[in-house]
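After this come two complexes, each holding subunit A, first together with subunit B and then together with subunit C.
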Partner chain A sequence: MSESLTCDVVVVGAGMTGAACALYAARAGLSVTVVDRGPVAGGTTGAGEGNLLVSDKAPGPELQLALLSLGLWAETAKELGAAVEYEAKGGLVVARTPEALDSLRAFAAAQRAAGVTADPVTADGLHDLEPRLAPGLAGGVHYPQDAQVMPALAAAHLLRASGARLLTGREVTRVLRAPGGAVRGVRTDRGDVQAPAVVNAAGTWGGELAARAGVLLPVLPRRGFVLVTEPLPPRIRHKVYAADYVADVASDSAALQTSPVVEGTAAGPVLIGASRERVGFDRSLSLPAVRALAAGATALFPFLSGVRALRTYAGFRPYLPDHLPAIGPDPRAPGLYHACGHEGAGIGLATGTGLLIAQSLTGRTPALDLTPFRPDRFPRTTKETAR
Partner chain B sequence: MNPLELAGARPGPAFTVTFDGRRIEALPGRTVAAVLWAAGITSWRATRDGGRPRGVFCGIGVCFDCLVTVNGRPNQRACLVPARPGDDIRTQEGTGHAH
Partner chain C sequence: MPTDLAVIGAGPAGLAASLAACARGVRVTLIDAAPEPGGQFHRQPAAGLRAARPEALHHRWRTWTRLRDGLAAGSVRLLTEHHVWGVERTSGGLTVHALLGPDQEEPAEVHARAVLLATGGHETVLPFPGWTLPGVVTAGGAQAMLKGGLVTPGRTAVVAGTGPLLLPVAAGLAAAGVTVAALVESAGPERLPRHAVTLAGKFPEAAGYAARLLRHRVPFLARRTVVRAHGDERLTGVTVAALDAHGGVRPGTERLLPCDTLAVGHGMLPHTDLAEALGCRLDGLTVAVDEEQRTDVPGVWAAGEATGVGGAALALAEGHIAGRSVVARLRGTAPDPRQWAPAARVRARARRHAAALGSVYAPPARWTDRVTDDTVVCRCEEVTAGAVREALALGAGDARTVKLLTRAGMGWCQGRMCQPAVAGLAGCEPTPSRRPFARPVPLGVLAGQHSEEGHS
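And now, the complex of A and B:
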């Protein structure tokens, strides 16, 4: 026996982005139902590190979204900070060579012009900020705006704070469209949910959900591993990473790339990233990837060579071909909104995305120009048009 | 009922390990957790947050609840590490990295 439910907006996806969309939509006065085929934070959200970063973003629309989002995270943290393990710890990007330092400083200067706080740090100054860093580094840049949350807790607490009806373990099989094309809800494997608006916050599955609404959105997975150490007393104060990371994030290569990203957590373990590979949804452990992570981390923090790695986990970053998310209404399907494709930055960008979606849903002017995030910006290939 | 009889096990001669300095007997092939349980010890870690007692929970290496310090090295899973003659097994406080 299937039930039929009604609400103002259905959010598909109970990850970080879906949770933030639900929260801001509810605050805008809408009744919200969140549907997920799995559990809360069962996809990319549960496999990330919880980074809220401006430091790795070049000036442009993604950086603007990050600045908006970090401000909203700080507000959210006043209420939920302890529950979601929010830490305004700051980021420290280090350069190993004078050449790398020159390009890092130039990058930081451009970020400063775009509103980022980015303070140059001398080689000696690095050890005042991070006493256990390796000797011999050329210098770095300190980003006090960078912060961290525990992503699964953050998604769960934002969902709870939203008061949305939560339907987990339910797969959306189709986005329902009226004869004129307007969205009128979703069909799930256990009944329909009627609503004049549907938000696609399905992460790496966002392309498939778009297809179930009859539109193209080319979201693809980019695999990453995280190496987790035994719990330690606080020894690493910031999110610390090598300047090469910025180049890897922006890269289009399918091959394995790793650059060390190291951070402590409130619970004690140190998290070591970041690898990037395009291998579809293959979850199998890659020894070369985790070996490269360990080598990169111990080069930055030599004491880690005496620390045990307890486990590793893999996740899939949902990316779009131009590395920008899809946010906002889909003109091809009135009533369909997209909030996915944030690649490895989705936890940080979730709050801004949620606000922009809520503003779009209620007919307000979005806080940012949504043009760069238009979901219909990817032309169909001739092959697809022919089908 | 002795589980050794149930399984028809014929282990080799026992050896000695220590737990917090106390000598206890260990049969070859047993994990640290099995040795401690056989000696009636069920807790060998205090949690990082609140110092609550912990021992074996899953028993198969998944949950990381049974972490213990063996021969000076903290955070070893008692349920997976085989006991060796002379092992110095110690209760782990918090992260085990107090110093």
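And now, the complex of A and C:
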């Protein structure tokens, strides 16, 4: 069936970022259509843990976006908190050695200067916060702003709350451009959608969508495995991870790096996350990756040794070469906006991204300076090749 | 201990392959989760039960004694009570990872040059109101209780659903002294003649069961279905109704059958978890194999229900062919298919039967209409049909997204039970679901292997 629809803005991607863009654009008074080649939350959103973190971000534009986003998440949670399993549980970053603790404390001091709440925790204090942590840790930092949502539910409910028209199972084959270059909608495999603005919230597929609009955006996939245990009574209260996670997130290395982020969930299972490796779109099981996750998790929480892993899943975190997302209008294609490349932080950064996009779409001054997120910041020569 | 061929699953396919390969000089390790070899088809009573006539409960007893004696006479290394959770490709070949002990906590590994996946299938049960009541069991479960435990699940039973398994289950229960109030089959009898030619080879078997059912006065209710199971604490009866040509219930045909047991099954699905995790290509829901039963992953063969549900005769033939192929390939030579021509003929015939049976025995088209919103679909996570429908309204559209939004299929059984039901409610064909761990693995076992790998 082919039909032609008209609206103010087409959001490509029914994942978390697309849902947030739709919500804030609709609240700004725009009529929104969301198009996805798959179902809701079919990509990275459906393969993530739902981390809303400030703790892992160094001072800079990404941290500013995270602070903006976490405030908006707290607002959103007033309305949808239970439906999206929002939990303001806080994060606890631990250091194994005095040296690691020194670096962690220095990192936290810089974060505090940037507006993050980061409370030092002594070695003894760790067990007051997390009674089942391994003995012998040097200390840590508590981040009460860190929170969690169930990402697929969050995307689905934000989309519903937006009231946007949702077209799933439709692939955008081309972003339509007028003779002068301005965007005028999208062509899908089942008809066109006419709109003066198109938002690229296509996640790992964002580079391909940009290409279908005739512009370059070097989005690359980084594979991550998450281990999921059998359901347990609540035993882990925070998002707990080792201080070396911060270094891994910012890493440029293609090799596998793991540092366990361990957390309980509302539904009972413990999630152990965040292996990271660049292997293109290879989804096949990597036992070395899940073994490393298990080793890291049991080192932090020895009781997990006897707990069973029920499953593990791989997801692909979309990233750009400088590890910052692309957010905002694309000067190379008037009417095209990008909202992708958030790597492993997309759930947390979605609300702020959605707000910034809505502000750009309606000609308002964005709440943050968008210069670091400019989509045209990558000259062609720096394009990396995804293996 | 190194071995040439690790066979996973000691049912008909695994046994036939092990004997074929062992007889030709290949070192074989046969691995199974059960305490005794045989699989579901030749499930044996525990020795401690001292069964006087175990053959009374079995079909094709002579085939079993031949396999059993072959196993005893040969040098196949048999590892029972080994619960395999994964197979890994390693530099030296393949490693089979299993768990031992009553709590399945102790790791065990088998290193092999070749692996045969003879993992069999598992039963499908589609939900209906009341299906989670105590007293409702799977047809295969009832059979396993009879064969393995020499116990009957109750006094008065209804056997219901669809598929060729229902006949032997009803006959077995009746022979064991259970009053079988009815065999309720949703397929229509008039469809059978259409497949009479391909099914000809199956008729003596079916006729044997029919005679036993007649002898025990078991009513055979064709093109009917159980619409609801009744009871507060446990099952007290079922309502059975007639189906129209479109799979809907004919109004006014509902009838209450008192019973304390309902054995229900809607066919079988292949176990493909190990194959999927290895990266083997699947053909729909089955492991894709070539004429020699090889998967597309070097060193990995598959035989039996895993490559397509077709019964014990097909499994034996495929297992035999796989075993012969392994012998040649491990020597670095191409096998001569003429050596297994008789098995290949059995395989071709049995696959035709299976295809014909598959078209006869299909769940009624509109079974989802009868699943009320309060019916639990996923028992592990207690997800109702209403919750699944709500997820579809949120934009789910496929079974994977329903799972994400409802947790259906995320629990202990990882969707083995509810996956066909969720797919049906979502209006899509069941697809293989990724289960990287074929069974739950203690994190301590995974962590221990990490240090062995020498990572920090």
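Throughout what follows, the second predicted complex is superposed on the first by the 380 of 387 C-alpha atoms of A that agree within 3 Å, B and C clash if a C-alpha of one lies under 4 Å from a C-alpha of the other, contacts with A are read in each partner's own complex, and residues count from 1 in each chain.
The definition used in the following text is that contacts are C-beta pairs under 8 Å (C-beta built on N, C-alpha and C of every residue); 3 or more make two chains touch, one makes a residue touch a chain.
Given the structure is predicted, the values throughout are model-derived calculations rather than measurements.
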Clash or fit, subunit B versus subunit C on superposed subunit A
clash
For A:R308, select first, second, both or neither according to whether it touches subunit B, subunit C, the two together, or no partner.
both
Taking the superposition on A as described, I'd like to know which of subunit B and subunit C A:L361 touches: first, second, both or neither.
neither
Determine, for the superposed model, which of the two partners subunit B and subunit C contacts more residues of subunit A.
C
Classify the contacts of A:H157 with the two partner chains as first (subunit B alone), second (subunit C alone), both, or neither.
second
Quick one: is A:A294 in contact with subunit B, with subunit C, with both, or with neither? Answer first, second, both or neither.
second
A:I347 in the overlay: touching subunit B, subunit C, both, or neither? Say first, second, both or neither.
neither
Which partner does A:C21 contact after superposing on A: first (subunit B), second (subunit C), both, neither?
neither
With both complexes overlaid on chain A, does A:S284 touch subunit B (first), subunit C (second), both or neither?
second
A:E230 contacts which: subunit B (first), subunit C (second), both, neither?
both
Among the options 8-16, 80-88, 332-340 or 404-412, identify the stretch of subunit C whose C-alpha atoms clash with subunit B after superposing on A.
404-412
Touching both subunit B and subunit C, residues of subunit A:
230-231, 267, 308, 310-311
Subunit B contact footprint on subunit A (complex, rising order)
230-233, 267-268, 308, 310-311
How about subunit C: which of its residues touch subunit A in the complex?
86, 88, 105, 277, 279, 381, 391, 394-398, 400-401, 404-405, 407, 410-412, 414, 434-437, 440-444, 446-447, 449-451, 453, 455
Subunit C touches which residues of subunit A in the complex?
14, 38-42, 46, 152-153, 156-157, 159-160, 166, 168-169, 227-231, 267, 269, 272, 284-285, 287-288, 290-295, 297-299, 304-313
For the complex, give me every residue of subunit B touching subunit A.
48, 64, 67, 73-75, 94-98
